[in-house]
Every structure is written in structure tokens, then in C-alpha cells.
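Each of the two complexes below includes chain A, the first together with chain B, the second together with chain C.
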Partner chain A sequence: MKKVLYTLIFCAGPLFAQGIENGEISGNFQSNSQIYYEDADLGISSENLPDERFLTNSFANIIYATRNFSTGLRYEANQNSLLGFDKRYNGEGIAYRYAQFNKDGLDITVGNFYEQFGSGMILRAYEEKNLGYDNAFDGLRLKYSPFKGVYLKSLVGKQRLYFDNAEGIVRGFDGEISLNETFGALSEVKTQILIGGSVVSKFQKDMDPIYILPENVASWAGRFNLYHGKWIMGAEYVYKYNDPSATNNFIYKEGQALLANLSYSKKGFGFSLTGKRIDNMSFNSDRNLKGQEVSINYLPALTKQHAYTLATIYPYGTIANGEMGIQTELNYKVKKGTLLGGEYGMRILANFSNAYGIHKAQIDEDTALGESGTLGYTSDFFKVGDEKYFQEFSIELSRKINRKLKLVGSYINTHYNSTVIVGYDYHGMIKANILVFETQYKLKPKHSVRTEIQHLSTEQHEGNWAMGLIEYTVSPHYFFALQNLYNYGNETKKMHYPNISAGYTKGTTRFALGYGKQRQGIFCVGGVCREVPKSNGISLSITSSF
Partner chain B sequence: MRNLKYLFAVIGAFSMTLTSCDVIEGPFTEDIVVGECLGKCKKILLEDYTGHMCGNCPKAAEKAAELKRIYGDQLVPIAVHAGFFAEPSGSYFTSDFRTIAGEEWDSHFGISTAGNPNGMVSRVGYPESNHILQYSQWAQKIEERLQTKPEAYIELDVNYNTTTRSLQISSKTEILQSISAPLSLNIVLTESGIIAYQKDYEADPEKISDYKHNHMVRKSLTGTWGTDLGQTNYTSGDLINNTFRVNLEEEWNTKNMSVVAFLSNTNTYEVIQAEEIHITE
Partner chain C sequence: MKKLLIVTILLFTNTYCISQNTTKLLPSINIKSLEGKTLNTNEFENKGKPIVITFWATWCKPCTKELNAISDVYEDWQKETNVKVIAISIDDARNSAKVAPYANGKDWPFEIYIDANSDLKRALNVNSIPHTFLLNAKKEIVWQHTSYLDGDEDELYEEILKL
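Showing the complex of A and B:
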């Protein structure tokens, strides 16, 4: 890998010598560390502490860029990975390196890159460091615009799997045309139209002793986006040819996905409606790997992303083997000067989303539903399955009372089919009601205090939770926070999870120090479950960029 | 013209992608040929890391059984109960099937922290990150391993005294290809047919009271990392004989027990050969 990097830097240099003189170096750094302690209350003894006692996840990106050329690398040092992260990330090295240059309009990237075609349902490589997710490509990508408004991309590469690459080779092509840009006659038309299409194929050798497997699996997608004044409408359809895999239990059925959305927005009012149908659309670089480590595509969950702690206890993840759902969101600002709006107006944000299984029927009397080595099942495209996977309604009201005080109140009602979504224990459909009340108060210039009171009530799983938070900020440099989660409804053991943290920011560098307890979690992806142990310890986080 | 050249190149890439698709019309399955070990053949160690509280683990055990049927003597499966899901829990899952060696393997190779079920095929891929394999990956890795020639062969002989429950194991390790590394011989006892609770998310109820646990590692006779065979360089034809003695515990059903031996490269932990023999016929 180092050899490749040196080659990239030193061989590419002379080619673009003119540009390099005016180049800029930029980068960023992040380090999260924790020291772990014994805790009798949590049942953590010296035996089940991590052997290292101190764990750290760190990385730095360094990028050198000129007008037509850039090269960069990311060095990662996980010595060893924090609890909750896969131990296969233990180690250090250059996990990402690339060179990109633009010549005569042809944009070439060699090495690692992230990419997305359309909505990502056919291809998306991205990273989410805090979740320990990175499926970057390692290969070659070309981008070209032969005519105004026409954008072409093609790529070939393998995907990152921890500190290695997955076995499969992915080839992809994407084309997009903006009709209004390309055709002069349409340039003045109010309606803007974008049309796109992609083809993605993967190769993996068939070494299986049981199944006759397709070594090349292709998929294609078509999409459009239409912008008309305050309206936006779009849809994408993806089709995947037979792709027997560990995730779909080695069935030979085709895969399909449809995502459609409509939205409207104007000052003080907006709504959006999105619908999706996903059928057998797990698409992996390695057919034998369950889970999402090397997903070629990304299937959106279509649920609201919550920031409040108790609202993140039951997060939904798309069921790639089949689901149908909708999400609708409405935001409205009650005018100021009215009874509800008061002096500054009130913002209302309402959201509803759900997901159900898809209809599945046996292919014939003798074949069980989803039986390996068969076509699996048949499915009526428009028929919703019987089983509910997820449903959530949430409403958030936020109102500025005066120049110093702002209040935010939220209510969330969640139905979470834990058997289907995480499959970690038999709690069935978990029904939870969550209430959050937040205050933001400016004490004096630069000094503000924020409080959160949260409550989650449920009769299933771990029962009720309560949470309180107080955060004091002296902007732009300091913050100090105190919080406690209390799982008082837990029938096994009622438990407090207090945390105290403080931070200091100078320019683009931020330090945060914390001490507290973390709750235990069992996380399952694709039928592989791992325990993220409860912990007690001091954490230090440093981020910086230049 | 230059524009057109690039355009054609991109269209070329596009058509290559389009044509890269194999559609299987059926049949979808191979004619399964049961592996037959002729002479001194390669034998693969399959480690299934599991736990009685792991509701997805029965699927892995089924896969191990399926592969055993396919590969016969060339596959030596062992079930290592270790990690969080193997801990005694509640009023049902009271058994403790963990062993010292199993726990240390689990911790060293990072298996249960990566999740259960997971396993290893001859511990290949360590210390790179690809030694941990989901059960759906086992078959391919076994196929790959079987493409390589055996570097060593192990012969086992057992002598069991039913009265004293003492067991003597004799092993003869024959080097078939030169090996420039220290080697460790590991001897473990396994037991099948153990009836105990097991969680299974696909069963109703999930708690199965009479689940049959197979190939369970009961004890390692050679510590966690085996017995060093004494050299750092071995040449073809080298023969190393070892003898091991152990008294079997009363609760173990000797009729269902086997001795599993595996030879590993001490530096890389890779298992280069395995062998299994039943304690009683």
C-alpha cells in the first residue's frame, strides 16, 4: 500500500508540476479514547474489563490539492478499538489513499473513493466513522461530461472490509442528463427535469460446493427528478438479477426496489411524502457475508433521525429482504402575533413513518417460502405484507418565548418489531411513548444553559427510562454537561447511567472530556449479534482540522 | 473528436457492465459428492464459536452439520462455547459449557466481540482481519483450503479404560512437506449429543429445552496453544510421536466423545492439518 502511495505522489508530481506550486494542504484529525474501570453496580469486574484498559480510535486525513490535481490519505490507528467497535478494526495503517486529476474535462480517480449513483439504492460507498462503517472503493473511477448537462461516471473497484478488501469486484456506470441544461430550448422553461440511469455488476468466483452461483450479478436503475417552482418530485427504480446470497438465504429470485417522493415547500410551510418498496435487494461485494460491511447499495430507512437520547433507543434499519413503507413530514410555522405563535411564532414539525413486510407466496406447493436453492417466493408488487415492522409518529413544537428563552417539546410514539429488526431477544412488538421537554436559556451574552427532560415508557423490553440533562455553554470556547439516564422500569435491575462531560474549543480544535457509565446493548446486523458491553470510564475526544 | 473518444470509452465501459451478468435458469444446486479421504489427505478444522443464549447460532450448527455430510472425514468440526452468549444465564440456561482454552481462543481471535455465530476455518487469515468467518462463508474457505496439498498428516490412536475412565491418546505426526516454522500440536476432547437448553430465534418457543449440542469442546489436553513439537524447521518424512493421558469426567458420555487433534503453525496460528477419532467404537 505504501508503495502505491509513493508512486501516486512522486509519479503524478512531475505530470502536474505547474499546478503543484500553487497547491494547498488540508486535513483533519479525530481521536476518541477511553479508560475503562471496574464497576460493581454494573457487574464489571477486572475479569471482564478490556485487557488493555485503555482503548483508542484515531484517524487523520491529509489532502494535497491544486486546481486540477489532488491526492490524499487517511491514516487510522485503533490501538485497540473502543468497546462497541468490531475488533477487526484493531490495528494501524493507511486505510484510504487516492489521487485525482482532471485533464481535458476527464476526471480520473485512482485508489480509494466514495461514490453514489442516484439515491444510492444501486450503489453507494460511504463512511460513518462513529458507527464503525466504511465501504470505500479501491480501484478506478472516471467522470466525464461530454455535453453540457450530461454527466457520466464509471468505476471499477473492490470494497473495503476492515483493513482488507472484500473479494468481489464491482463495476458500475451512471449517466445523468439535465434536459434544461442540455437543450437550449428548455433552458427558460420553469420545470427542470433530470433523468438518470445506472448499471452495476459484481464479480465473485463460485467456490460453493452446494449451489451453482452466478459469478457475475448485474443490476440496473432508472430515475428522474422534476423541479417545478415549490414542488419537487422524483422516483428511482432498481432491478437486480439473480443474486443468491447469505442474506437472502441463497434464493435465485430477482431483486427490485422503488423509491418515490413528492415534496412542497414555501416560507413557513412544507410537506413531503416518500414511499418505498424493497424486495430482495441486499447487494453485497461478498455474497457469503451477511450484514452490511460491504454493501454495494444503500437502502434508506425512511424514518426520522432523532437526536434525543431516549428517542434513539429503538432505531429502525431497513429490512433488505423485503419491506414497504411510507414517510410523511409536515412542517408549519404558526405566525407571530397569534395566540399560539406569540411574539416570535411557533414551529410545528410532524412526522409519520411506517414499514411493513411485503407480500410473499410459495412458488409451488412443494417448496417452502424462501427455500434455499429455489426461486424463493413470488410477490405481488402492490400488496402489503401482514407483518408490521415499524411505525412512528412524532410531533415537535418549538417556540421562542422571549429573547432569552426557547422551549421545545416533543412526543414520539413508536412501534418497533424487535424480533424482525434486531432479532436479539423475544420482546416482540415494543410499543414506546417518548416525551421530551427542552429549554434553551441565554443567561447573558455568550452564556447559555440548555436542559432536557426525557421520558420513555414501555411495557416491553427494559421498561421505562427517564433522563435529565443540563448543559452550560460559554461560547465559543467552553461547555459543561451533566446527565443521567435512569432505567427505573427494568425488572431485572434498576440502573443509573450518569455522565459528566466538559469541553474546550479553540479555533477548529475541540477537546471533550467525560466520565460516566454506558448502558449495555446487543446489536445485530444480518443475523450476527454482538454485545456492546456496559462500561464505566473516562473518555477523551479530540478533533481538529487545518 | 477528443470528446467522442472519451464518450466511446465510457460507452464501452457501460456495455461491458451490461453484459456482465450470469442468469442461472436452473438447476440451482450442484450434485453433491461426499468427500472421500484417500491416503494422507488434507483435513480441515472448522471452529464454530457459539453459545446457548445465541438465538442465531443453531443455523451455524446446521451449516456445520451440512458441511460435515459433504466433506466427510476431510472436515473436523468443533463447537466452541465462549463469550457473552455462552455465560450461564437465568433459570434455564444454567449449564456452563465454556472451557479455559475456548475462552482464551475467543478472546485472542476476537470472535464473540465480532458477534455470534462466527467461526474460523483452520484459523486462516489471522492476524489480518479476515480470519473471522460467518457460517455462510465457511464452505468457500473450506473449498479453497482443500485446493492446497497437505503439509502434514496426523494419525491418532486411543486406548480407553471404561473402569477407571482413563484415556490414553497416541499421536503420530508425519511431515509431508518441509515447513520452516515451529509447530504446535493441539489435542481437544469433544462431545456430541449433549441435551441442554438452547435459544433459537426461529423456534417457537425460542427456548429449546432438548436441543442437541454436537462437537462441543469439553477440554483441551494441551493448554490453550498446544504442545510445541520441538523444532523450528521440519523436513518431509519427519515423524513426531506424542502420548497424552486424561481421566474423563463422570458427566461426559464417552460413547459420544471424540479426540480432535490439530497441528498449527505456532507463529501464525494457522492450522495445517486436523484429525478426529472416536473414543469408543
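Showing the complex of A and C:
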């Protein structure tokens, strides 16, 4: 009997391997390290520094995949986490593992997964490693497409909270239908229509000593997208039933969100307009957590994401408790051969965005606005609040002068309500003007030099800043850069933040080494932000994939 | 002892069978076109000619530079090699409405898709963008590169010419 068993196992090996023919293993790796030094100028003494002085965040993903099956894991080792990342990320372990099977339109995932319904305003699990953000689900997901044009998704799971899972259980269903692909009669129609809807609920036990809290919180959303030639139009509306939480000060008001967009584009011209209204839409897997770490939904900040250093000093983040705003962007290419366009044409990119509070009124004379245990406030859907949170106008012109030289000029005007956005009580509305001038020059094939001169002027907060950067690159392997930020308008102390960095890339492997000072600030990607402390040190970053 | 031996052989044979392939196939993942149509990556087609897949986003400066640079020489590349460039945006809800106006405003002649949930990005182990893949006639990944430096498009073109 034993013999038979052994034979079976032995033969099953290769057989199994044949069944999963063409299996492939792939993966990636990333490691960011920094050594921290004391710096009297920055006011960093040994007390502000971690005992170990050398900190590393790293992870590796490994995926094994065949045509219809894949399984993978991510091992993370943060020993210990870089300054600015939450200390609860300290440690090591397998923080993500899954198996996924996909056949005949049915897609089953068990374990961890990332997901987004519609725009994400009702549900979105994603990761942004550079921010230390990861709210992956741990559970089960089914995706099914009965026929082309119809897409159904359902899921149940708990969300990642550092190296643990949050308390709440999230259940969700989403359906999307492309009318033109589904109904033959519409397949030749020029206008493409997509409609979708979602239902999401969260369960968390009520242990509150004071209030009777809803243990199940439901929300639903409806959306459409319309494509007609050069036009695209879309909107999504989300409704959430009462969900008292630490973020909304335990009020029993419903939540609503609306996001609408319109765009028109043709060769050399693009225009978009987006508007949103958010009211009490924080939706967390754990109602007692004030942060965004286990957000079930994603509320996009509708402002331009800047790449120039000084333009990232005052970044906006969505105010989940209530805001209204618009964003509009214009892309235009001035034709070559015209006065403005010159020999190669000129590109213009202009953007305007703003965000205001929403209108809020007391529910009755005796109840304060947003008082815990009440309905909180009433709000007129179409009325804009009095308080301005943010406003920005930017324009960028870029023009190729000849085969070797390209110039970019940029102007940004920002109004940043620091009291509301980051809670600097004493700075209030910060008004800043930013100018950037960039040159890109090709010295010879593969060798280029790029320079940036930037200036930020403001009478509030830390005053004026100036910055210079010079970067030398040799394609396809090397870069070398020198930069200095100078906060010369700071009344307390004028400060230089010099940095030197170099990097080497080969294929998918990249090394970058840097040494210098880092200003204190808020670092944002995709609408989520993290506070970065000031520092002085050496950093090394290695990424690779195979 | 005997058990150990069997387990070892078992592991060995399995590993051997699994690790035969050296080239990688493109994973099959759903993405969306700028017209909202869902498309699977296995529907990418260029009649047996090479395909370049590059990841970008509206907020990524080096990505824009790379796509501008390829756009400038694309006509010549196509004439000589019939290569097709597919640009995949990983923009999320914050910027997804801007993708079409941005790409059209730049007058990019590429096929453009949106990978809003980053499913394809994850399946291809992309750490950061820009990240570029080159696929041969059998749609196997034969070359890839991360980041963009001025002139990197020449290296890509040399790789295309090798196919």
C-alpha cells in the first residue's frame, strides 16, 4: 500500500507539472535605506534620532503564474521603518499572499487583493509603497463576465492594518454594463454608454459605552460614462447610511459624494472639467480610527499633482468631512511654423482648481454644529460653503528651440488654507507664487544636461524659497544630480537643504544613492499624504524586477 | 530517509518542469480603452510584429518625456519595423478624466489604455514608472527597462531592431 502511495506521489509530481505547463516565476524587489545624522542647523540632536541610526524599508513580490492560475506573496521587512512611516510597520513578515484562478470569464481570488469599484469613491483598496499606504483586502473575490460587455464583481474581506487586519468585515458587489457591447443593435452607434452600480457594507461590532451604533453600515453608488467621438462625460454618485465615527465626531448623518467630469479632445487640443461634492464620506473599516489607513473608499483630491519640488510644498488633500470643488485643465499644442510655435511647436498646459467647504446649518437651535450623538448638521446640496480650502492656477509652456535645446517655463499661484488642511492654526491662508524655469540640453548623443531654477514667494509660513538643480544623464545607465533648496525668507532661521545624488540603471535594476538634507514637509502621491520629518543623511534605494 | 529522498526527487522534478521557460508571456489582464471598452491584454495584436508596452501617468514627468521622445521618431520606427507602441496609464480617479485630453493634447500616436486598479502593473512586477517592455512576434517579453533618461529611446530601438 505504502509503495503504491509513493509511486502515486512520485508520478503525480511531473504530471502536476505538466498540467501547469508554461508556468513562470516572476517578481520584484525594492529596498529604501537611510542613515541619519545629527544636524545642529536643522535642530536634529541624538534625541530626535532613532537608536539604530540606519533604517530600511524593503519588500519583494514573487508571483508564480500559468495561463489560468497565479499565486504570489509579498515579504516585507522594515527593520526598522524609515522616519515618517508609521512605527506599526516595523517588523517583517508575509503581508500579502493570494491565489487566483481564471477560466471562462470567472475569476476567483482567495487571500489578499486590491480592488476598485467605479471611481473608487465607494470602495478602493490599493497600495502606494512610497507613502507606506496599503489597505489590501484579505478575503475572497469573484469576478464574472457572463458575456462581453457585462462585468460583475463581489467580494468579502478584512482590510490590512499594518501587519494585522482591521476589525470590520467589508462586503461588496459591483456591476458594470457596456450597452453597446451587450446589445447588438447598439454596436454600430457612435455614442458608447457604460453604466454601473455598487453596494458596499461594513460590519463592525458595537462596543461603545455611550452610543448605540449601527453595526452594519451600507452604502450604494450609481455611475455612467458616455463617449461620443471627441467627447467624454461621466458621473458617479455615492450614498452612505449613517456611520458615526471618530472622523465625523460620531454624528448620525448620512454621507454623500458626487464626482462628475466632462472632457473634449482632438489632435493637439485637450480640455477637461471635473467637479465634486463630498459630504461626511469618511468610510472606514474601523470607525474608531481617525486616520486613512483602513479607508474602504477613496476620495480623490481634484488638484494638479506637481512634480517640481517647490510646487510640492503646499499639496492639497481631500477633506472627507465635506468639500466642494472643481478642476479644469487645458492642453494645447501651438502649431509649428507660427510666431509662438517656432520651428517645432509649443505646448501649453493650464490648470485651475479650487475647493471650498460645504454649506452646514444647525439641525435645531439647541444643537451645536456637528455635535456628537446627533444628526450633526443639515446641508444644502448646491450651496457652496463660506470657507475656502484651496485654490490654484498654473500654466506651463514648453518649447523645443532646436534639436538640442528645450525650454520649459511654469507659473503657479496657490491659496492654501493650512488651518483646515494640515492644522497650522497660526498660518491660516498661505498664498504662494511659484516660478520655475527648466532647460534640457543634449550635449551629444546619450549625454544630456538638465537644469531647474525655482522660486517660491509667500509672506506666510516659512517665507520665500529658492532652488537650483543640475542633472547630468548618460543614457541608458547613469544619472548624477546636485541641488539646493534655500529657505531664505524664513524669519526664524534661513536654511540650506543641499543634496547630491547619483544613480545607475541596468534593465530593470536601479540603484540610487543620495546624500543631503531633507526639508520637513508633506509628501503626497495620488491624494494620500505622509509627513516627512527633516533629516540629514545618506539614502540608498535599490529596485529590481525579474 | 526514504521519505526525504522521495520528497527531494519530487521537488526536483517539479522545479525542473516549472523552470523550463526563459521568456515570459504577457499576463492576461483586463484594462480599459479611452472609449471605456474593456479589453484583455491577450487581445493586443500587431500581426506578428514587435509590440512595446510602456507604463505612464499624467503626473509622471519622465513618462511624458519618454512618450514625447518616442512620438517624435515613431513614424520612422514604424516604417522600418512596423512596431506598435501601447501606452498604459495607471492614473486613478484623481486624474483618469484627464488621460484622454492629456494624450490627445500631446498628439501621441499610440494606443492608450487605462489600468486604474494597477492589476497589469502588479502582474508585470512594475516597481515604479516609467517602465517599458518589448514583446516579440509571439508576444513574449524579451526585454524590459525601468526609468527614463534622455536618449533611452535609442536603446529601445536597438532592441527592436534585433527582433
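We adopt the following convention: the second predicted complex is superposed on the first by the 510 of 546 C-alpha atoms of A that agree within 3 Å, B and C clash if a C-alpha of one lies under 4 Å from a C-alpha of the other, contacts with A are read in each partner's own complex, and residues count from 1 in each chain.
Note that a residue touches a chain if its C-beta (ideal position, glycine included) is under 8 Å from a C-beta of that chain, and two chains touch if they have at least 3 such contacts.
Since this is a predicted model, take the numbers as computed values, not measurements.
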Pick one for A:182: touches chain B only (first), chain C only (second), both, or neither.
-> neither
In the overlay, answer first, second, both or neither for which of chain B and chain C A:269 touches.
-> second
State whether A:90 touches chain B only (first), chain C only (second), both chains, or neither.
-> first
For A:212, is the partner it touches chain B (first), chain C (second), both, or none of the two (neither)?
-> first
Figure out whether A:289 sits in contact with chain B (first) or chain C (second), or with both, or with neither.
-> first
May I ask you to decide whether A:312 touches chain B, chain C, both, or neither, giving the answer as first, second, both or neither?
-> neither
In the superposed arrangement, which partner chain does A:244 touch: chain B (first), chain C (second), both, or neither?
-> first
Dominant toucher of chain A (residue count), chain B or chain C | C
Touching chain B in one complex and chain C in the other: list those residues of chain A.
-> 527
Which bits of chain C are touching chain A when the two form their complex?
-> 6, 9-10, 13-14, 16-19, 21, 24-25, 27-28, 30, 34-38, 58-61, 92-98, 100-107, 116-119, 122-128, 131, 143-147, 149-152, 154-155
Chain A - residues contacting chain C, complex | 6, 9-10, 13-14, 16-18, 20, 22-28, 30, 61, 63-65, 67, 70, 102, 114-116, 119-121, 124, 126, 149, 151, 178, 181, 192, 194, 225, 227, 232, 234, 259, 261, 263-272, 274, 298, 300-302, 305, 307, 329-333, 347, 349, 440, 442, 445-448, 450, 473-479, 505, 507-510, 526-527, 543-546
Which positions of chain B touch chain A when the two form their complex?
-> 2-4, 6-7, 9-10, 13-14, 16-18, 20-24, 26-30, 32, 54-56, 59, 66-67, 70-71, 83-85, 107, 110, 112-118, 128-130, 132, 134, 136-137, 139-140, 142-144, 201, 206
Residue ranges of chain A in contact with chain B within the complex | 51, 86-91, 104-106, 142, 144, 146, 152, 154, 161-164, 171-173, 175, 199-201, 203, 207-218, 220, 241-242, 244-246, 252, 286, 288-291, 373-374, 419, 423-426, 524-525, 527-531, 533
